[in-house]
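Which chain is which? They are A, B, C, D and E, in the order written, and residues in each are numbered from 1.
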Amino acid sequence: MIIYDAKDWGEAIKHFHTSYVIQVLLRRVAYVGGYGVVVTLVDQYVVNVEVPIDGIFFSLLGILLSLLLVFRTNTAYDRFWEGRRQWGALVNTSRNLAVLLDSLLPDSDKINRLFFARTLSNFALVLKGHLRTGVDMGELAKTDDQDPDALKQYAHIPSRIAALLMRRFQVLKQQGIVSDVDLITVRLYHQALLDITGSCERIRKTPIPFSYSFFIKLFISLYLLLLPLVLVDKYEYYIIVATILAAYALLGVEMIGDEIEDPFGLDCNDLPLNQIAQTIQRNMHEILAVPSATSVSPKPETNFMKVN
Amino acid sequence: MIIYDAKDWGEAIKHFHTSYVIQVLLRRVAYVGGYGVVVTLVDQYVVNVEVPIDGIFFSLLGILLSLLLVFRTNTAYDRFWEGRRQWGALVNTSRNLAVLLDSLLPDSDKINRLFFARTLSNFALVLKGHLRTGVDMGELAKTDDQDPDALKQYAHIPSRIAALLMRRFQVLKQQGIVSDVDLITVRLYHQALLDITGSCERIRKTPIPFSYSFFIKLFISLYLLLLPLVLVDKYEYYIIVATILAAYALLGVEMIGDEIEDPFGLDCNDLPLNQIAQTIQRNMHEILAVPSATSVSPKPETNFMKVN
Amino acid sequence: MIIYDAKDWGEAIKHFHTSYVIQVLLRRVAYVGGYGVVVTLVDQYVVNVEVPIDGIFFSLLGILLSLLLVFRTNTAYDRFWEGRRQWGALVNTSRNLAVLLDSLLPDSDKINRLFFARTLSNFALVLKGHLRTGVDMGELAKTDDQDPDALKQYAHIPSRIAALLMRRFQVLKQQGIVSDVDLITVRLYHQALLDITGSCERIRKTPIPFSYSFFIKLFISLYLLLLPLVLVDKYEYYIIVATILAAYALLGVEMIGDEIEDPFGLDCNDLPLNQIAQTIQRNMHEILAVPSATSVSPKPETNFMKVN
Amino acid sequence: MIIYDAKDWGEAIKHFHTSYVIQVLLRRVAYVGGYGVVVTLVDQYVVNVEVPIDGIFFSLLGILLSLLLVFRTNTAYDRFWEGRRQWGALVNTSRNLAVLLDSLLPDSDKINRLFFARTLSNFALVLKGHLRTGVDMGELAKTDDQDPDALKQYAHIPSRIAALLMRRFQVLKQQGIVSDVDLITVRLYHQALLDITGSCERIRKTPIPFSYSFFIKLFISLYLLLLPLVLVDKYEYYIIVATILAAYALLGVEMIGDEIEDPFGLDCNDLPLNQIAQTIQRNMHEILAVPSATSVSPKPETNFMKVN
Amino acid sequence: MIIYDAKDWGEAIKHFHTSYVIQVLLRRVAYVGGYGVVVTLVDQYVVNVEVPIDGIFFSLLGILLSLLLVFRTNTAYDRFWEGRRQWGALVNTSRNLAVLLDSLLPDSDKINRLFFARTLSNFALVLKGHLRTGVDMGELAKTDDQDPDALKQYAHIPSRIAALLMRRFQVLKQQGIVSDVDLITVRLYHQALLDITGSCERIRKTPIPFSYSFFIKLFISLYLLLLPLVLVDKYEYYIIVATILAAYALLGVEMIGDEIEDPFGLDCNDLPLNQIAQTIQRNMHEILAVPSATSVSPKPETNFMKVN
């Protein structure tokens, strides 16, 4: 994710080259501009191609299209923000669980402290992999009850980690370290882990319904195809400026929506899952007062970013 | 549900033929186009039929109509997304319950493990049937306390499954396997099952109020009926292009809204309930470490889809 | 509530005559059309009445008015949907409570089972009456602790039923049938009953602020009053078509909003509270395995409807 | 708060004179109309003052302004509705607490019953005063542990009442009247009291950010200042009609938003806090079966209103 | 944060000079106005620079841009309001915890009362620093278990304070002052502290995606760059008025959005975190009946403000 000072318009330009979607956008805008050039040349030198639909009617279609694009933008942004909220909840849940365990486990019980610090850190890394291209066992820290490679046999690894955690709570309860009442709170936090997993899966696997996506894409295509034909007699060469502006506006909103609606990818606008997972790892080890495993050092998604 | 790469405009075209609503849309657009042809021919060769209401006034009505269509789109999408959220919650609840039971039941207690894996899987299948055309007892796995066919006598089958689950928890409590404190958490998850059922019923059985639906449909019909009459003298044969564009835009948004607002049907944009139920079945058996019943192999709703 | 197949445009017409609001709307549209006729006749034969404000300025006002109407529509629909959600929650809560009680009460304890089946059914009926024209004691089933007529002395009957339920739970606890831990869950469900009551009262008793309602009504009136004066010289007799279209659009959105915003009435777009109450009654008796009282057979609100 | 039958357009007029904001609005509209007269006279008889910016450009600004006004309206209404929801929650919480206490306290324990009926009633009255001009100790009922005047020394009186309630619960627990499990539910309800207080304070003390408010007011002022200058040559005397319409629309939306966004005041559109507090008082005494103190008889905020 | 009487348009002007963003806005508007002057002069005296794109097409782009700006405004305001809600929740949680502790701790236990009053006050101050430029240890009150300076070694200080609180609850439980059931409620409140922290971090560290921000800024820049070229022949010198108006409207909405979306800064529209922290400090000491530490006297963020 690109972090920038939103108030500085100049700085925004500097990050321009790192935004993949904006580069593709400009390329597509160039194609549409080229089409505008062709239409003008044909109209000037070959045959009159104008479609005499007037501006007001065309504006009206444009307004409906604009409203749909804003609907699309809202939808995409809601998914982005809900994804961010889920990972924020993962940070909160991990911290709450660690603070509670810190008060329940004796200072000297380094074994259990290390187990929870590592397992909670692993959970975030596993969820990241699960939402992207697959879990990388090499990133995970070894815990006392399980070698990361043993996870490979499970189809749904986050559930497996959650089950291991739950079983350990049960052991602690039998050892009298965790009481009945503690268990109520512990399970509330534990439940959040799988709820977050499910919500992220939901966002990733259910895009905006195909009909809407197709409908809007076809609408934009028809609109940009007709635009130079409608305007060519009136504007002549300036039609190219108009076409480029319209393509920038319409394609831009649609494409950014497409990119934002799956916030767990590796695009430069997607969420910095690696960084958030590192934050969780650091926090877990600090709160539980155990030294941080140095095995995890993921490469940053992009150069400039802030995470909590 | 059609799964597609939203960023690839070309691929969107490929799935085009599988979207029933878009095919119906194009047919209706063709009818309106035909009407445009008739109006033009009559105007040219028979009698001047123009209604001289000017573009600006007509645009204004178009803007109000566009705003109403976006309201309708928002409403329909909210229902689609809430339906998806409920089924996501069913996945989460099933997993949470399985992870908790896995920690409470001894590894050797295959009877109870199998009971819960099958009953939770059955619940998802029953809910699917309940929301569609009726529960198919043949899809359900047999459990130790009930033959699926015994469910037929109940008017509301999801409640019956929920009652069987609750009674089993009570038995486990009397056997000392589940403690008082465990029961608090177990019941929280159990409650979610019937809450999800009720929410899905609410979405399916309460469409957007009839007045709005009728009002918008009549508004669109009047608009498309008048459009060629208003524009025919100015555009002549090009009126057909304008009519087709307007019909595509207005009918399209309305029709997709109609389709999306009941997300539990079998249309290609509806939710892949079968696949989600299969996911739950797989997860339940994996988490509770019992072999999956092979009796369930529902046919996929469409060929291409992803589920969690 | 009218139930219809939203995708069938023809069928929508069939239910047309049952929608009271649409009939009133068409009558008002006719009045405005008559006013348009008068303006045209006066302008043609008596004196030039045109107000030469041009279309663009008038369009602008129309856009602001359209935006306000969509705000109004959103607000009204949100209330309708929140009302539906509350009654859906009542269904869920009743079911959850019945399933829990079914697991706690011995199969042979028909007395308590009947008490809860009847009291929970009564609660829905009492809430319906409370939100409409008053509770009809004749609809209620007699329970072992109370004759329905004894409720008449209470100003707020839903609270009284809730208090009777809570007292019975307390009795069951003293008898050892309900344990401490059971009480936690039971009270959670019980709380929902009064929360739902309060939310429905809030929706019914707090309409959109008077200033907005008055402001929008006056805005529409001024707009429709001026419309023929602004356009009469340009359109002549066609002004009547324009006036009718505008009246249909503006009055329609406003009037449907007015009707929808109180979803507990008896209008054909309002919620089918009777049917929902019957569903609850059927579900309660089925889950608690007691024969349903036949004393309740409310007349349906309209002929065609689905309920859960 | 003015209560009216939203469907009756005629009746809306009757309440017109009681809406302060609409009176101020009409006065301001008159000023702007007067300015329009001056501009026309100067333009006709003194010097041409027209600014030749054409209608389309001006419309565009108008659309952005309209969109901002609807944003403002949404924001204001959300605050109004959230305020109403909080007071609805206060009603619900008070009832839930009373019903629970009714089941826990022996019928003969009039002392505690009276204490809770009065203290919960006082809480609503104190919150009303706290959100308006200050708590009126004379409205409060005397309880067995505290004379209302003793509250004067506290800076935050709602917290003090909440603390007194909590302490009494603790006493009841030590007396064995309230058990451990009861305490869990009691504290859940108790928590709601201070959450509601904090939410109401938040709504009252954080208006829409100054920048937005100032920006919109300046935008409207500039718009109405320029409007007659832009249109004067074209419309001549009719400019006055146009100016008045525009002023009505733009100022109206902004002013109603300003009034609605603080729903706890004494304006005629504000929430009927007195009535809601009386409802709570009546309900508390009925549920707890103690005679209502007659000391509270607040004057109604306006003549016509419904409360729950 | 500037507090003002939203209904008084005159007073709004008085606070004008304190709003930094509005000053920057006016400067930028002046630059764009200067550019308009240059374009006019070049067009008049040097060379015809007009781009003959007509108003309707340009309006259409303007409408899409307006809709995007309102989307941006909504997003920014939602973040502002969510930030406010989180700090409101911090006030509520602190009060609820204090009221509960007040009922549990003996009146004479000044040591624990002082510990909680100070630690809860410190938490708000630490969170404020954490969200701004860093925690100022000098602002914090010394508690019996920790010197503020000892916090310096921790990377995430709010978690540390939360851990200290949790450990103290554990001590109180071992001393029998806090029971098992008390712990359930105490932990619910405690959880809120870290949830609030995480939510505020999320708002601060995840701005609106870079693509949207860049896209909108480039759109506005192109629009304002072309505007005088499009209009110059028609309006001549009046183009300057048009350019200034458009710049005011477009830049204004964008810039206020940029400022509002991070509500934890020190801009005059940002939240008065210092004042809220002081409120918490005052409330904590009053409820727990211990004298307030006088060590905290933060300078107000601005001169005029209200806090709860």
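Following the convention adopted for this analysis, a contact is a pair of C-beta atoms (placed from the backbone, for glycine too) under 8 Å apart; a residue touches a chain by one contact, two chains touch by 3 or more.
On a predicted model such as this, the values are computed, not experimentally measured, just so you know.
> Would you identify the groups of chains that remain joined by contact if chain B were left out?
Ignoring chain B, everything left is still one piece.
> How many degrees of rotation map chain B onto its copy chain E on CA atoms, rounded to the nearest 5?
145
> Centre to centre, by mean C-alpha position, how many angstrom separate chain A and chain E?
Whole-Å distance between the two chain centres: 24.
> Measure off the straight-line distance from the CA centroid of chain C to the CA centroid of chain E, and report it in whole Å.
Using C-alpha averages as centres, the distance is 39 Å.
> List, in ascending order, every residue of chain E touching at least 2 other chains.
56, 59, 63, 67, 70, 180-181, 184, 259
> So that we know how the chains sit together, what is the shape of their touch graph: line, ring, star, complete or other?
ring
> Across the complex, what residues on chain B touch chain C?
Against chain C, the touching part of chain B is residues 51-54, 56-57, 59-61, 63-65, 67-68, 70-71, 75, 154-156, 159-160, 162-163, 166-167, 169-170, 180-181, 183-184, 187, 190-191, 194-195, 197-199, 201-202, 205-215, 217, 219, 221-222, 226, 255, 258-259, 261-262.
> Report the residues of chain C in contact with chain B in the complex, numbered from low to high.
Against chain B, chain C makes touches at 1-4, 6-7, 9, 12, 15-16, 19, 21-22, 55-56, 58-59, 62-63, 66-67, 69-70, 73-74, 77, 80, 84-85, 88-89, 91-92, 95-96, 98-100, 102-104, 179-182, 184-185, 231, 234-235, 238, 241-242, 245-246, 248-250, 252-253, 256, 259-260, 268-269, 271, 282-283, 286-287, 306-308.
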